[in-house]
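Heads up, the next two complexes both have subunit A, just with different partners, subunit B and then subunit C.
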Partner chain A sequence: MTGFLLRRLGGAALVLLALTALLYAIFYVAPGDVAQIACGPRCSPAQVAQVTEQLRLDDPVYVQYAHFLQGIVAGRDFSTGTGTEHCAMPCLGVSYQSDQQVTQLILAKLPVTGSLVIGAFAGWLLLGVGTGVLSAWRRGRLTERVLTWLTLAGSATPVFVIGLLLIIVFCSTLQWLPAPSYVPFTENPEQWAWGLLLPWTSLALIESAKYARLTRSAMLETLAEDHVRTFRAYGVGERAIIGRHALRGAVAPVIALSALDFGSMFGGAVLTESLFGIPGIGRELVHAVKVVDLPVVVGMVLVTGFFVVLANAVADLLYALADRRVVLS
Partner chain B sequence: MSEALLVQEAGAAPAVAPASGARLFLRRLRAQRAASAAALVVLLLVLVALAAPLLTALAGQDPNAYHPDLVDSAAGGVPIGSFGGISGEHWLGVEPGTGRDLFARIVYGARVSLGVALVATVLQIALGLVIGLAAALGSRGVDQVLGRITDINVALPVMVIALALLAIVPESFPRPVLIALVIGGIGWSGTSKIVRAQALALKSLDFVAAARLSGRGKWSIARRELLPSLAAPVITYAALAFPTNIIVEAALSFLGVGIKPPTPSWGQMLTEADTWYQAAPTYLLIPAGLLFVTVLALTVLGEGVRTALDPRAASRLGVGTGTAKEGAA
Partner chain C sequence: MTTRDPLVEVSGLTVDFGPVRAVDGLSFTLEAGGALGVVGESGSGKSASAYALLGLHRGTGARVGGSVRVAGTDVNTADDRELRALRGAGAAMVFQDPLSSLDPYYPVGDQIAEVYRVHRPVSRKAARARAVEVLDRVGIPDAARRSRLRPHEFSGGMRQRALIAMALACEPGLLIADEPTTALDVTVQAQILDLLHDLRHETGMGLLLVTHDVGVAAESVDEVLVMRHGKEVERGPVARVLGAPREPYTKELLAAVPRVETRRVVPVPPQRVAEDEAPLLEAVGLRREFGRGSGRVAAVDGVSLTVHAGRTLGIVGESGSGKTTLGRMLVRLLDPTAGRLRYGGREIGSLPEKELRSFRRDLQMVFQDPVASLNPRRSVGESVADPLRAAGESDEGRIRDRVGELLERVGLDPGRYERYPHEFSGGQRQRVGIARALAAGPKLIVCDEPVSALDVTTQAQVVELLSELQRELGIGLVFIAHDLAVVRQVSDEVAVMRRGVIVEQGSADAVYADPQDPYTRQLLAAVPALDPGLAAARRTARKELARA
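Coming up: the complex of A and B.
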């Protein structure tokens, strides 16, 4: 077990290292004129020269990359023009637009995205697994067919379409809910929940489709196995077979998928955040892309990669814990 | 359709007149009612997209012609007339604010939606095939390097990396091409994983060994022996990836970083519709509905293709098994 963990972490670290090199090459080397991008399109050559000096863009690429890496593992100093500013590890650079440190920026947004993801996660897990269990239980009947079509419809709807419709129906037409907004949990838990209700619902509705299909197919697979037939022959009731035996087969894959989704969502539920105006990581990324704020873009992609790699490792581990047949190697 | 599968089918069902792979596939697809209906819808959409110039000429409209006289500028640009200005001339009404013909923009939008997703899918499948085959047939070192690259690829959610890449490409690069390249260039890891696993399994089979012993080169074996057997899983994967790519394009355009105006795109219309839904709900409902129908039809068709190519489903469909049900199907 320990050996597996160490090897998995080593592999993950390698992937992340390669990711930094790739991102560095794509975003700081390929565009060519980074100083101009950093300074803005209306900068005079003199200003560009100053930015080049300040960001040390004259150094060879590998030296710049080494500095970038050094920032992540040990922290580094930045010249601000008037003096230097220390950026503690893990330092992902300083925004071209706001001169804010990218790590601080991301940390400030993390609770926002976290609030969104956790609520939605609870929703889609309940809804998805519930739907899956129900359609496996009612297999071959009308209930299953209806649920199958609903699930298909769910997976065919982009999250921003369902979100738009929900806003229109519940906020504008019926006026049951206030316009979605983000209020920090620590400030007012009640407003926090009301403001996030629609984003949670939209994400949960869309994501649950995947879980419903996964749960259903895993359960049907178990139901077709010999030991279930034996249980039936012994007179075990359908309810017990579904609840106690078939559901067990779905636990491991559902946990693994949850871990993966959780990881990639932390990189920002980009669409949901943009649509509902939730100031999380995803919306910040869209903004950074529009104003070509390279350090923020690279930082956010790297953090997303970090979460996904972490989630992958956790998924493997949970899978093995939930399903004893899997051997970690 | 694979020759190998045909041989297998023919071997299992000597009583049935040998149908060509493609014909057997079509028969199995037609045996599924939902998939046939979906195929019709998709065909219709493709025809609409192909005939876009013809259809708009028929309607006598131009997608980019402004009609300021058709919107009520005093009311902020709301289309004059009921249902967003639907009339004999403007079949789906006009765009709020500008008065551009909605039918023409929708029809040209179908071109963008389907075209971008098609190119992206082809690209991602081609890349996945080459990378997967190279990993399976190459040396251990090649396999390991490609495996790591795949790991990195998996670590980056499509939306996040697509957004990031769009930040650094100059505005002058044609956007539809760029979006297709970005989606296709990122999304190959699913195909490459399937191809690698399948190719490794096939490699140890006798017919591949025979080809190797007869002195044929690696790529000749890959092309002539492995590719036909890889067709079924790869086609299935492509059919299910296509609707996802439509959603990604719509999402990027919705976020304002995808297709740029004046090129029409359904996703982009939804962004603008967001501010107009109270005054002109049709402007929101039409692109949203079309997006939903397109993705749903493609998903159902994809599921149908999966079933048609799945040898285990043959008995359920009663097509190509050579049993008595054959005549009835």
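Coming up: the complex of A and C.
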């Protein structure tokens, strides 16, 4: 077990290292004059030269990359022109736009996106698995057909359509809910929950569709297996067969998919964040891409990658707990 | 004594799967405490009949007609609640494959407790205690600890014991066993049959045993019902039906069953192997390891044998004995880790693939599963033509002619060149496999369980075909099987394998008539006998062997 954890962590670190190299190559090495971009379009050649020196862009690429890595594991110093500023580890650089440290920027956004993702995640798991169980149980009947149709419609509708519909119905027409906004949990937990209710719902509705289909097909597969026949032949009721024996077979694929979705949602909830005005990582990332704020882009993609890797490692562990035949090695 | 209703009363039972009538007007009764064996080949409707006793066709789309009464319940008209009350408590079922028949995710004891609590209003704890009690009763050592293990941590025999324990939990009046020992090794099969025998005498429960294996029925039941095409062929006391069958089909079935007492019948005695005749294939100290580091195991651990032209070496052993690994090494489908392999006097054990090519056409293999070993997307003619093309033949006309000849030789219509494997029966597919092995004109064929997936009547035909071909072409055969009776029927020499080594080797008559190794004796004592009297004697012999 400990051996597995160590190997898994080592593997995760390697993946992240490869990701940094790739990102570095794409953003810093490929597109030409970084100094010009960093300085801004109206900089004079002298200013650009100054920035080049500040950012040490004259160094060979591998030295620059080594500095970048060093920042992550040990922290580094930045020249600000007037003096030096220390950027503590894990240092992901300094924003070209705001001169803010990227790490600080991300740490400020993380609780926002975290709130959105965790709530929506709970929602789509409950909704998706529940729908899947129900349609496996009611297979071949009207309930199943209606549910199948609904989940198809759910997965085919873009988030901004569902989100807009929800805003129009619940905020404008019925006026049951205030306009969505983000209030930190630490400030006012009640407003935090009300403000996020619609974003959670729209994300959950869309994501739950594939979970419903996955759960349904995994359960139908289990229901056709010999051991389900055994329990039927021993008078065990359909409810216990569905809830105890068939659902168990759906756990593993749901865990695997959850891990991918949960991790990638940290950088991928862009549309939801923009639509509902939530100042999270996704929205910041889009902004950073627009203004070519390279350190912010790289930092945020790296953080998203970190969550994907982390979620998958956790999934492997859960997987082994759920199915004791799995040997961790 | 008042007359009691019979335990099982079936009359005019029909089961239809779509347009196919699987059971066609079956009627029989079974008195309380009686034991009935339902015997038939695949597709005879025996399992479908057994399922109907518990109403297991309900909800599957199959149509069930006629009437079935089990332990006082009218199965075909009972509502779901009544049916659930019958299942497990009035009559319990034991299935064929004990691994897939238990839920992989839960401890065995919990699964038995769950079933017990469906029928008895007891606490979780009391149900767990009952589970341990029945596990102990079916002979699982250290039952309290083992009840917490999951099915994959049990051996095959222990899993089947656990399923029987589940069946016993609610003390049903009837035990329905559907091929309960088909997936097990012969020694384990004997243990399970002995267990069923003892339980029946101890609890007085009735037994309905469904099996394709006449020997298994002879060991376990009082009455036997032979089925074919969904209908009863013959029914009566087991000694009478097996000893003096009246119906032609029963006679045919019994004649096809290989018997361990029957030696190889050879119309023309094979040429004696001269003292100085060089063997076709010779293996010395052959060894094969799998895995790495501390997980390394030797599947074959130093095996030496010889195969002569025109003669058959039978290799017999239980699952995991290494016989398949050995067979694959003999034709170099697997590379030996150590040891020597000489073919026609030349060392080929470590020959690189390129130089091996010239030997490939001489060494061929026939596989166990005729379904899985033929490509379903290619016509059988193409499959048979593969070795010809591999040997460099490129003239399409000649290939067609040769394939036609081969198909005809193995008893298939050469006009079926373009047909696909799914259009053939199991026995016919195995014939295609044999035709493919013959195509290259081999000197030696290794047959790995060539008939174990086939019904006995088909089995007999394929065995006959193999020995015909051998007589005609003078091929050396290696016949690998777990079935001791089949091996005796085809072999001149026999090698008994266990845990990667040959424990006994010699002429078939010597090994079978006077086994020297205790393991060989144990194997032979475990073979089910067709004669119920002999079966009882073997049961006693097994108990003595176990005590010794």
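The rule is simple: the second predicted complex is superposed on the first by the 328 of 329 C-alpha atoms of A that agree within 3 Å, B and C clash if a C-alpha of one lies under 4 Å from a C-alpha of the other, contacts with A are read in each partner's own complex, and residues count from 1 in each chain.
By definition in this document, a contact is a pair of C-beta atoms (placed from the backbone, for glycine too) under 8 Å apart; a residue touches a chain by one contact, two chains touch by 3 or more.
Note that the coordinates shown come from a computational prediction; the quantities given were computed from them, not determined experimentally.
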item: Partner chain(s) touched by A:Gln100 [first = subunit B, second = subunit C, both, neither]; value: neither
item: Partner chain in contact with A:Leu271 - subunit B first, subunit C second, else both or neither; value: first
item: Comparing the two partners subunit B and subunit C, which touches a greater set of residues in subunit A; value: B
item: Partner chain in contact with A:Leu152 - subunit B first, subunit C second, else both or neither; value: first
item: Contacts of A:Thr143 with subunit B and subunit C, given as first, second, both or neither; value: neither
item: Doubly contacted subunit A residues - partners subunit C and subunit B; value: none
item: Residues of subunit B defined as touching subunit A within the complex; value: 148, 151-152, 154-157, 159-161, 163-168, 243, 247, 250-251, 254-257, 270, 273-274, 277-278, 281, 284, 288, 291-292, 295-296, 299-300, 303
item: Interface residues, subunit A side, partner subunit B - complex; value: 11, 14-16, 18-19, 22, 26-27, 30-31, 152-153, 155-158, 160-161, 164-165, 168, 172, 264, 267-268, 270-271, 274-275, 285-286, 288-290, 292, 294, 297-298, 300-301, 304-305, 308-309, 312
item: Subunit A-facing residues of subunit C, complex; value: 54, 56, 83-89, 92-93, 95, 97, 100-106, 111, 114-115, 118-119, 150, 152, 163, 166
item: Residue ranges of subunit A in contact with subunit C within the complex; value: 225-227, 229-237, 240, 244-245, 248-249, 322-325
